[in-house]
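Next up: some structures, all given as structure tokens.
In the two complexes that follow, chain A is the common piece, with chain B as its partner first and chain C second.
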Partner chain A sequence: MSFVGRRLLQLIPVAVGCTIVVFFLIHLIPGDPARTILGIHATPQRIALLHKQWGLDRSLAAQYWLFLDRLLHFNLGTSLIYGTGTSTLIWQRLPVTLWLIVYATVLAVVISVPLAMIAATRQNAMRDQAVRAVPLIGLGMPPFWVAFLLIYFFGIKLHWFPVGGYGQGFFGHLRSMFLPALVVAIALSPVVIRSLRASMLNVLGADFITTAKSKGVGGPRLFWRHVLRNAVIPAVTVLSINIGFLIGGTVVVEQVFALPGVGQLMLNSIFQRDFPVVQGVTLAFAILVVLVNLLADMAYAALDPRVSFDR
Partner chain B sequence: MTNRTTALKALTAAGALVVLAACGSSGGSGGTTSGGSTSGGSTSAGTPVHGGKLTFAAVQDAQSMNKSTVFDNNSIWIFEQIFQQLYTVSADGKSVVPQLATGYKVSSDKKTYTFTLRPGVKFSNGQPMTSKDVKFSIDQTTKASQGWGFINTAIKSTSAPSPDTFVVHLKYPWAPLLADLSIFANGIIPDNYAGKSETAFYNAPIGTGPFKWDVWHKGQSLTLVKNPLYWQKGLPYLDSITWTDVSSDNTRQQQLQGGQAQIDQFPAWSTVTQLQNTQGVNMHLFNSTQTNYLAFNETRKPFQDVHVRRAISLALNRDALVKAVLFGHGKPANSLFPPQVPYYDPNTPGYQFNLAEAKKEMAQSSVPHGFSTSIVIPTGNSDYQTISTIVQSELKPLGINVKINQLDPNTENTQTQNLNYDMTLTLWTMDISDPDELATFAVDPKSGAKSFFTMYNNPAVVNAAHAAERTLDTEKRQQLYNTLQTGAAKDAFMAFLYYSPYPYATTTNVHGFFVTPLGNMHMENVWLSK
Partner chain C sequence: MSITAGAGDQFAPTGGALVEMSPRPADRGVQARRATWYKNPALMAGLIITGIVLIAAIIAPLITFYNPITQNLTDALQGPSAAHWLGTDQFGRDTWTRLVYGARLDLRIAFIAVLFPFTIGVVLGSIAGYFGGWADTIIMRVVDVVVAFPFYVLLIALVFVLGPGARSIYIAITLVGWVSYARIVRGEILVAKRQEYVLAAQSAGLSNTRIMGRHLLPNVISQAIIYGMSDIVQDILAIVTLGYLGLGIPPPAAEWGSMINGGQNFLSTHWELTTFPGLAVILVGLGLSLIGDGLADILRPGQ
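After this line comes the complex of A and B, so read on.
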């Protein structure tokens, strides 16, 4: 079986494992979706009626079995709070989070690669020190603070970007998602810059670079074909690990920019004890993280001919 | 094919798929805006202008449009634009005015009400409203025992003798009937859900109201559009309203200032004064029926001791609370009832700050040297955090050591309702323009709410609450509710903390926006000037 096929098959035990853990965790902590709906008007009778309606009066094992059974028919159940299908909710939110993550990654790369190059080509000079120190501010500042600053200057004062929201249409999204993506990129970049800079320094001192230069290769061709391609692999690792955290870690940015993303969906459904949605979103996260790691591995193979995954 | 080529192709394909998935999003939007100039300018109201789209930045998304089972305010305030009732709450929140009914006659035994329905009313799907629809709507709510069924508890049966007459047969004389019929849960929908299932109906609800259903992108925005068949001629003014889900206070405010939203729901109290002085913004503080309380669990010692409860109530400086939490935009509470409710007694002797008296009460109590206790509050509520910190410091002089426990909201709800707490913070806003719902909820230990989850039991007060339901004599009701309010105040079963208004910030081009003390908004009266 091909490498990709084998890795995709790995998805199944990972996903099932995640759902078991989350299922039991969310059911065992105190709290109840009936209370989310009834609020101050909750009485034991009303709670019991809702439980019966939702099948929550059955044993945990019976409920998990029902969940698995539905899953095998590609049915993620119905949100207890909204009454709509869980998969519908997730499908509507996924594009927003994907936009955020992909856009942020692109911006992080656009920021990091030139800066790392500037730093690495003049090691320990002023510009190297600056590139190493300044981005750390981005790492230290809380994302919601960075977000409000950006909104204030670019949204309210300059009117270049809207204040929050997802926008309509491709170019609407491009415009609305720029500031949120930038906030995430500012947090991602410092780590990527440092990693890239370190590996570039490594590569710049290598024998094959001297050989290439002696052959007359210089300038951009040297940079793109020889330096960057060799230096980027550790950075891909760093980036892919961080993206894994991002899937779900975008909650704060989603809140501040009023983005209807999956992170928000997860947070709200946990607070509301919307069990089917919590389980469905966990499954989606597990699948996404495995896919991101797969993409990273494929990127290694694409970049480095020494990497072979055919066993 | 080499590994690298395979990998490259697969990678490109994956990349393309991601981009496609992201582009192919369900076209939702953060709401369209128009006319939102924030550069101050026009002040005079002038004649209403027809047209325009309004964006209403709300604190959270709605849950469901099912008027019979939903308790969540954000849902209610939206579907109140779609569904209407026989009567609706008056602007001062103290009575009801005719809406889908034009009048009524009551039998001499006070148990049969005959309502005349307004002629010429149509649902937004074109079908005319008749008594059959009214009967169906009210009966559906009566049957909703997991929802608002309790509000119709006094109704024995209903009938629709002719298309424009609707009859309610009561089990006993019931003073709050009109107020109960004016609650959103008794909104009028088409008979038999217009042939759809209940779920399908509420996914695209149909009513007689000024706005009709457009689209709901859950967690993002909900849009209603003008109902061209609306029975009030010339209304509504707006073409559409979009409620957006913007949970961050700061973002809502920035959207208002950036012109992306015209109404900002519940700005933070700390920003109210600043918004009052901002050009282009009207900062409204509407009278509300919201009252905040500190509740004592009487099944736990020493809260069964009235002297302890009085002492605590006397030790709390409500002016300090209003200043710290509401930044001055509120006032101390003296009664279980808020001033906007009928039969509120301004002379109710709810305890106010008096440390000397507090110490005297403690001296007479079962724990004169103080005791250790706790207060449980939900996380994510900064107002409650401030209140509990102040309570903690103000009870120290009495020797009472208070530990503050923060629990996630759902867990906190479970614990307090299972009487698994010492003290907690709670609040109430009226759902109807009659004190009955609050009275029975708060003082009757046998009601589902166990006396607001305190198990407070004063038979004289409980009897007053029930007697006031059964008499239609307004003077008698006032006396009974005075007895109730005074008894509840003297027993200090809860410390009445403060009354606060509903804060809404709007851009200055929004006119006609008004919120009743019960929280209802008649968006058909709202218009946007250019």
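After this line comes the complex of A and C, so read on.
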């Protein structure tokens, strides 16, 4: 069987597990979920209706089956506030979140590669120590706090970038989403810098570099052709491992910058106690992570001839 | 039984035995570095920073002069002064006082919160790695499911359904956080269980529990502890983020996240209200990361 086929088969238990987790979210609510969701002023009729709608009056297995049946018809539930399907709401907001994820990944690479290069080319020198201090501070910075610093300096003081919103058109997005993407990139770069520096040091010590040097290859050519190409693969792995962290980080950042993405939908639904949407969005995020991981694995196998998944 | 146990123990790398058995220079380096742990600059710097914050949190009533919760609207939104070192917030509460009491709350929750996923992850990871087979399959499939969810998404969803408060944070962090420890410990055990000292203990007829607890765990736990240091930093960030979103510890409790949330409306005029709680988080993160780096330096062989 092909690599892609087997990889898809492996996804089945994970997908089933994700639906179970999301299904059980509703049963973690203390007390009667319908009463908690509708609030203390709900009439008994409305509560009874919700019980019937969600099958809360039936056995757990029957409820899960109902839930699964809805999902198989691409129905992620209906919003209690908007009255529209959760999948429609997510679909409308997905472009913003995808924009943010891709933009942030690009910025993270733009920040990390030069810093890792500066550090690795002169191990233990002043500049290496300085770069190694970046993760120590960077890992402890709350992303939403970094967002406020950037809003204060680049938005309020310098007026370089808008302090919120999605913008119009491609270049509008590029400008409006620069600060949000930068925040996510800053949160992500410490891990990327760390692994990229370590893998560059590894490559620099490898035999083929010595060979290349002995053949007279040096300077930028050595770096771009021999070192970076080989050091980038572990960095891609680190990026794909942290895709969950990256995507989760967009939730808070979208909130701070008032970006109409899926993360903002989740938080707004939480504040409005719109439970079906929270449930649907949680599952949608898991699907997104699983899909991105699948893509990363496939790209990885295609890019690196040494990687073979046929064992 | 005690004789066989003794024979097995001889192979455990607790004393100098292992160094002589495998005279790799790296192992002697570990011994030397462990003996002189206080000379490790990263570890010492981290211990000092974290220690100062912890002591400040513990003696909070002695180094602050106001109540962190009582409102005093006549003193609202003052800049730093002799009376209020870091100024006051929109309710006239002293920022320095709230910062110190915030350390109390955030650090206490973070340090307690890290214990549950650590313990559960280490136990499940050991079982998966040591026994393999169906136990491994089941545990690792559950791990796959948990990591499929973005950390913050699952955390926020769990805290939302469980309701606000510290208890929900503990449960949510435990359910989401144990998987990393399980993965790390499982990986370490898979390597360690093929080593001579484990095979010797097995052939000496020691029980699996004893081999895991007395022989394997002491050798693999250091990786989990090193990860735990960065995990506490992540947990503090998570608690602060939940507080900022209004999902964590409910106000008016002094908490760094809700302090930043309160300050965001005054960003253009009173930037210090958001800045200082953030700096406090960074300081703690720096201290714990340095401890983690120092420990990694001391405990990891051959680096």
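Rule of thumb we're sticking to: the second predicted complex is superposed on the first by the 243 of 311 C-alpha atoms of A that agree within 3 Å, B and C clash if a C-alpha of one lies under 4 Å from a C-alpha of the other, contacts with A are read in each partner's own complex, and residues count from 1 in each chain.
Please note the rule applied: a residue touches a chain if its C-beta (ideal position, glycine included) is under 8 Å from a C-beta of that chain, and two chains touch if they have at least 3 such contacts.
Being a predicted model, the structure only gives us computed values, none of them experimental.
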item	value
Chain B versus chain C as contact partner of A:Ala42, first or second or both or neither	first
Of chain B and chain C, the chain that contacts the larger number of chain A residues	B
Touching partner for A:Val102 - first (chain B), second (chain C), both, neither	first
First (chain B), second (chain C), both or neither touched by A:Pro13	second
Partner chain in contact with A:Phe208 - chain B first, chain C second, else both or neither	neither
Partner chain in contact with A:Gln272 - chain B first, chain C second, else both or neither	first
Touched partner set for A:Ile29, first chain B, second chain C, both or neither	both
First (chain B), second (chain C), both or neither touched by A:Trp65	neither
Touched partner set for A:Ile156, first chain B, second chain C, both or neither	both
First, second, both or neither for A:Leu50, with chain B first and chain C second	first
Residues of chain A that lie at the interface with chain B and also at the interface with chain C	29-30, 144, 148, 151-152, 156, 255, 271
Complex contacts: residues of chain B adjacent to chain A	3-4, 6-8, 10-11, 14, 18-19, 21-31, 63-64, 69-72, 145-147, 199, 202-203, 217-220, 244-248, 250-251, 254-255, 257-258, 260, 408-411, 413-415, 417, 426, 428, 448-449
Residues of chain A defined as touching chain C within the complex	13-14, 17-18, 20-21, 25-26, 28-30, 135-137, 139-146, 148-149, 151-152, 156, 244-249, 251-252, 255, 266-267, 270-271, 278-279, 281-282, 285-286, 289-290
Residue numbers on chain C that touch chain A, as the complex places them	141-142, 144-158, 160-163, 230, 233, 236-237, 240-241, 244-247, 257, 260, 264, 267-268, 271, 274-275, 277-278, 281-286, 288-290, 293
Contacting residues of chain A [partner chain B, same complex]	4, 29-32, 35-46, 49-50, 53, 81-84, 89, 91-96, 98-99, 102, 144, 148, 151-152, 155-156, 159, 162-170, 172-173, 176, 255-258, 260, 264-265, 268, 271-273, 291, 295, 298-299, 301-302, 305, 307-310
